[in-house]
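Below, each structure is written out as structure tokens.
One chain, chain A, links the two complexes that follow: it is found with chain B in the first and with chain C in the second.
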Partner chain A sequence: MKVAWRIVYLAIFALMVFGQAAELRAQQPATEEGRSRFRTIDIFIDSRSTPLAAYQVEFEATNGVVKIVGIEGGEPEAFRHPPVYDPKAIQRDRVIIASFSTATASTLPRGKTRVATIHIQVSGDQEPKFEIKLQTAGDSQGHKISAQATFEERKAP
Partner chain B sequence: MKMQTPSNQSDDRDEALEAPAKLVSALRQLPGEKIFVPPTTDEAILRAATAQLSPARRPRLNWWRFAPWAVGAAAGIVLLFLSLQTPKPSPGLAREDLNRDGAVDILDAFALAKKLETGVSEVGVDFNGDGKVNQQDVAALAAQAVSLEKGGHS
Partner chain C sequence: MTQCRLLKTFQNRSSRRKEALICDRSRKDGPRKWSLLTSAAEVGLGTSPRPLRLVVPVSGSLILFVLLLLSGCMKRPSTLSPLPGSASGTAPGFNGGGGLTRSAVPMTPLGADEVWILARGDQTKNEAADDMPGSGALMAKLEEKMVEMPLKHTDVRASVNGYLGSVEVIQKFHNPYSSKIEAVYVFPLPHNAAVNEFIMTIGDRRIRGIIRERTEAERIYQDAKQQGYVASLLTEERPNLFTQSVANIEPGKEIDVNIRYFHTLDYVDGWYEFVFPMVVGPRFNPPGMTNGIGSAARGQQGVTGQTTEVQYLRPHERTSHDISLELDVEASVAIEQFECRTHQVISEAASPSHVTVSLNPLDTLPNKDLVFRYRVAGDRIKSALVAHRDDRGGFFTLMLYPPQEIQEMPRQPLELVFVLDCSGSMNGRPIAQAKAAIERGLGLLQRGDSFQLITFSTTASQFGDKPLEATPENVRSGLRYLRSVNSEGGTMMIEGIKAALDFRHDPRRVRFVCFLTDGFIGNETQILGAIHERLGASRIFSFGIGSSVNRYLLDHMARQGRGAVAYLGLKDSAAQIMEDFFERISHPAMTDLAVDWGALHVTEIFPRELPDLFSGRPVILTGRYSGQAVSAIHVNGKAAGQPLQVAIPATSGGATATHPALPSVWARMKIADLTEQSTYAPDPELPDAIKQVALDYSLMSAFTAFVAVDSSRRTEGTEGTTVPVAVPVPEGVKYDTTVEEK
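Right after this comes the complex of A and B.
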């Protein structure tokens, strides 16, 4: 009889332990369920033959599954430092980045140049969609120039 | 017909006038006694006539009552004149829009940085209000350009 009671107690205890574990698992956020991933987006400005001294672009993820988690500078020396951005953009899906260099025109980049990199966190299975818009770009004299802004997702090594 | 000059002297001379017979007979039938008019009635008529015929008195104007209104109107005119004389900033152009292209963006920060580099002293744009124009104002201007609150490109 005592053995039967022990078995009942053990069964109840086991049920309680498994129940708590299942409850904890259910409370975990979706991003921790293995469907969250980080991506790297490179931002390019193509100023063609004009030396690029300043740029300002707006980058936005349009389908609500992206959070911006970090922003860093670009490739050429003139834009190596991280661009200026509103700190409120972190953990949101929209940012305006801008940078300039007062260096001489001969040292400024021309053509398609990687000016910044944006790190994002994507949640869920949905593929993120992005939009980029060049707000302004300027030459070494501060004059507006015609340029094109693009982005490319960096391939994982 | 004999012409007579008008006269108001005696009745005898009046009889010499050649007036119409009807008028003469009517005048002769009038009572000869004088009508008694009491002096109080005379005085009352005189007072009424004086009051009626004397020039109307103009009401006195108290100019001091209008003094506050006059001062206010003068001040308004002066203010209007001053407002017309004071140069107004062009509509839509913010103080931070240094290159006057209608937008506050990174090119304005760039323009300020270039001016500071070349040592131009008449910049006069202390955006962070610390009494100096330096790189911190450039940073403040750049931060305003990328602010999400105002859309970043105004």
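Right after this comes the complex of A and C.
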């Protein structure tokens, strides 16, 4: 008889422990931090000695599950306002951003400049790889210029 | 002379303020007043230049009640504690979930004077709403208590070109409390607003929000919130009702959210109207409904059981949130007259066709719609087409005015059914305005007409078994009936719809059903579906009564009812609005419209069903086109059985892109059309169709949402406490008859 009671007590104890564990699991965020995390990618354009007045850049992850969750303006005043994006491309989490400035050539940035920042959410275990392509860049006269686009993932502070 | 006794001074640890409790002893007979003085000298949060004062009237019975209520607190130290950063849920100051509230603890010795300490503890659910979390930044006085809100200011910058408006709304959120918060604000926008830009500003950094499928955006926002990132989310609850959520606002920090939208202006009886809604009216939801819009008292989140809930300030409370507005109107032709009856404005005519308007700084309480009207020169406005072409193709809008000929056609006998909303939200000035309008309407009836009066609140009742001939005796009798009705109870509008549309049509007369209501309901879909189902030969004219009516419902009732809408503000002439209505219906409408687009190849025109054209009321069509508009467009129709034609000179603008808002306006109209279809012909594919249009054109809809996350920095601590932005009830609406108090 005592054995039977012990089994009952053990069963109740096990149920309580299981219940609490289940409750704890339920309280955890839907996406665990280890599987869903946010990253910051800075986009640079190097126009060398030419003042940069306009650009269009394509940026995408070549693997992994990546969602774009914000597009921030750049560092110089000319590109402080966040660039516009192509709504059709972003549905496939490929972003095509573009911006221009009507400022005078003397106030436009030259050399390597952070023109935008892409905020992303990464899900799953796979670390994403990214690709960037400069589609076009122009000077204040509207002429196409030679430039290079790069990106850097910002380190968490 | 006021005699005050200092009872206790203490340091508010959360806000670093010095606070003092004093008792006004000068009033021996009347209720005594207790004051919490807050020194501004050490203000860390908030910027009030003078001491902030809370005055609480205290009666003996209240003291006894509070002492009893709080007897369990005796053992607890009377300290001021910061707002606990609860992992989820609502601010304790708002739903009584524990945390930072004001409680009263008796201080020894308990003698003849009532001695309290105003303290912040982690208990007292019922008093939670009387204070705000943590800061001591509550500003109050006996008559009207200023309540600090996480939404500090709304700045509106609007411009109008022709009849297209572009509006930027900047909502400035801040955290005046001592721990992190999530601010949630339910607010209105025009129901035809094409919201296509969303930018979150943190300091001098601006992050553009991304349009996403709604559930996906909500998931991203929740993830960011839980992980401590600053994030914002904009969702649409109704076409004219939105929720803004901003997560992880740190103490003392500010975050701005910029929203931009385009819309077309209404044209009513010679006036263009620019409307900016400022507050959501308290809605009634029929029993059993859970996806409506709940109206709760400040601090009582969740009591309504609705998926969307608006919290309202009590009558003696005033929000710290204010609003500024600047409007720039370029009409392209001379403006003859302009006015704003709803607000005090400062206006300047920069040129004959250009007016600038700004809200007077003395009139910044966001508790009613701003309506600015202007009339342009010329006896008669002509129909006109405006167009835009870009890499997506051509888009146009056509404002189609009724032809002059219908003004000269004879009046037909009328069957007028007045349907009056007598629910609690209409109590006071709104029902008085509605009655005055109907009274004038009865006076304008002619021999040969007939009429019926129907009232509805929780149930519907009517004046006669059937419409009565408009004889002087019947009209007098109708007036007596009208004067006897009162406003109270719920808004079971469906009962009014049934009573108004479910009886046999008299073929000798043209039947017009006039709904006079504020439209404060949460079941718009059910109402619009019922109108579509029961309309028959009737035409519905809806009259929005009040300072902040549900324009989405009123406009769509008229649209589904193939009539027109009019708005009667609290300061407008009720007689005039009814005379304008009679002028409109005294001429036959131009019906059976068909458009010959000439050389234009036109597709996807909205609204899909061309409405009837009534005198003084143009309709706006929008569509896509290809080809060149080289010849005039012709609109053919009938009025009183006679064929009529309107010719419109068409200039599509060719390759010149002069109206970049048009693609957004067209896409918004398409979404509205698909949404309307879903009210009477539910189709599982409609949500996907709406979502795809919204994603392709970066537009808000019921199935899409804007989300923005700042992933560059993680705030410390947990996700913070949710603080709903409580709003005032609209001007003229009585709190007691509309807001649930539990």
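Keep this in mind: the second predicted complex is superposed on the first by the 116 of 157 C-alpha atoms of A that agree within 3 Å, B and C clash if a C-alpha of one lies under 4 Å from a C-alpha of the other, contacts with A are read in each partner's own complex, and residues count from 1 in each chain.
Keep this in mind: a residue touches a chain if its C-beta (ideal position, glycine included) is under 8 Å from a C-beta of that chain, and two chains touch if they have at least 3 such contacts.
Bear in mind that the values here come from a model prediction, so they are computed numbers and not experimental data.
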**Request:** Name the contact category of A:58: first (chain B only), second (chain C only), both, or neither.
**Result:** first
**Asked** What is the contact status of A:80 with respect to chain B (first) and chain C (second): first, second, both, or neither?
**Response** second
**Asked** Just chain B (first), just chain C (second), both, or neither: which does A:88 touch?
**Response** both
**Request:** Please indicate which partner A:121 is in contact with in the superposed arrangement: first for chain B, second for chain C, both, or neither.
**Result:** second
**Request:** Would you sort A:113 into first (chain B), second (chain C), both or neither based on which partner it touches?
**Result:** neither
**Asked** Which partner reaches more residues of chain A, chain B or chain C?
**Response** C
**Request:** Scan A:50 for contacts with chain B and chain C and give back first, second, both or neither.
**Result:** neither
**Message:** Looking at A:67 after the superposition, I want to know if it touches chain B, chain C, both of them or none. Which is it: first, second, both, neither?
**Reply:** second
**chain A residues contacted in one complex by chain B, in the other by chain C** = 84-85, 88
**Item:** chain A residues touching chain C - in the complex, by the definition given at the top
**Value:** 27, 29-31, 33, 36-40, 67-73, 80-85, 87-88, 90-91, 117, 119-121, 154, 156-157
**Prompt:** Can you list the chain B residues touching chain A in their complex?
**Reply:** 99, 101, 103, 105-107, 109-111, 113-114, 117, 139, 142-143, 145-149, 152-153
**Complete:** The answer for chain C against chain A in the complex is residues 87, 199-200, 204-212, 216, 219-220, 222-224, 226-227, 229, 231, 695-698, 707-714
**Contacting residues of chain A [partner chain B, same complex]** = 53-56, 58, 84-86, 88-89, 92, 94-100, 102, 135-136, 138, 142, 144
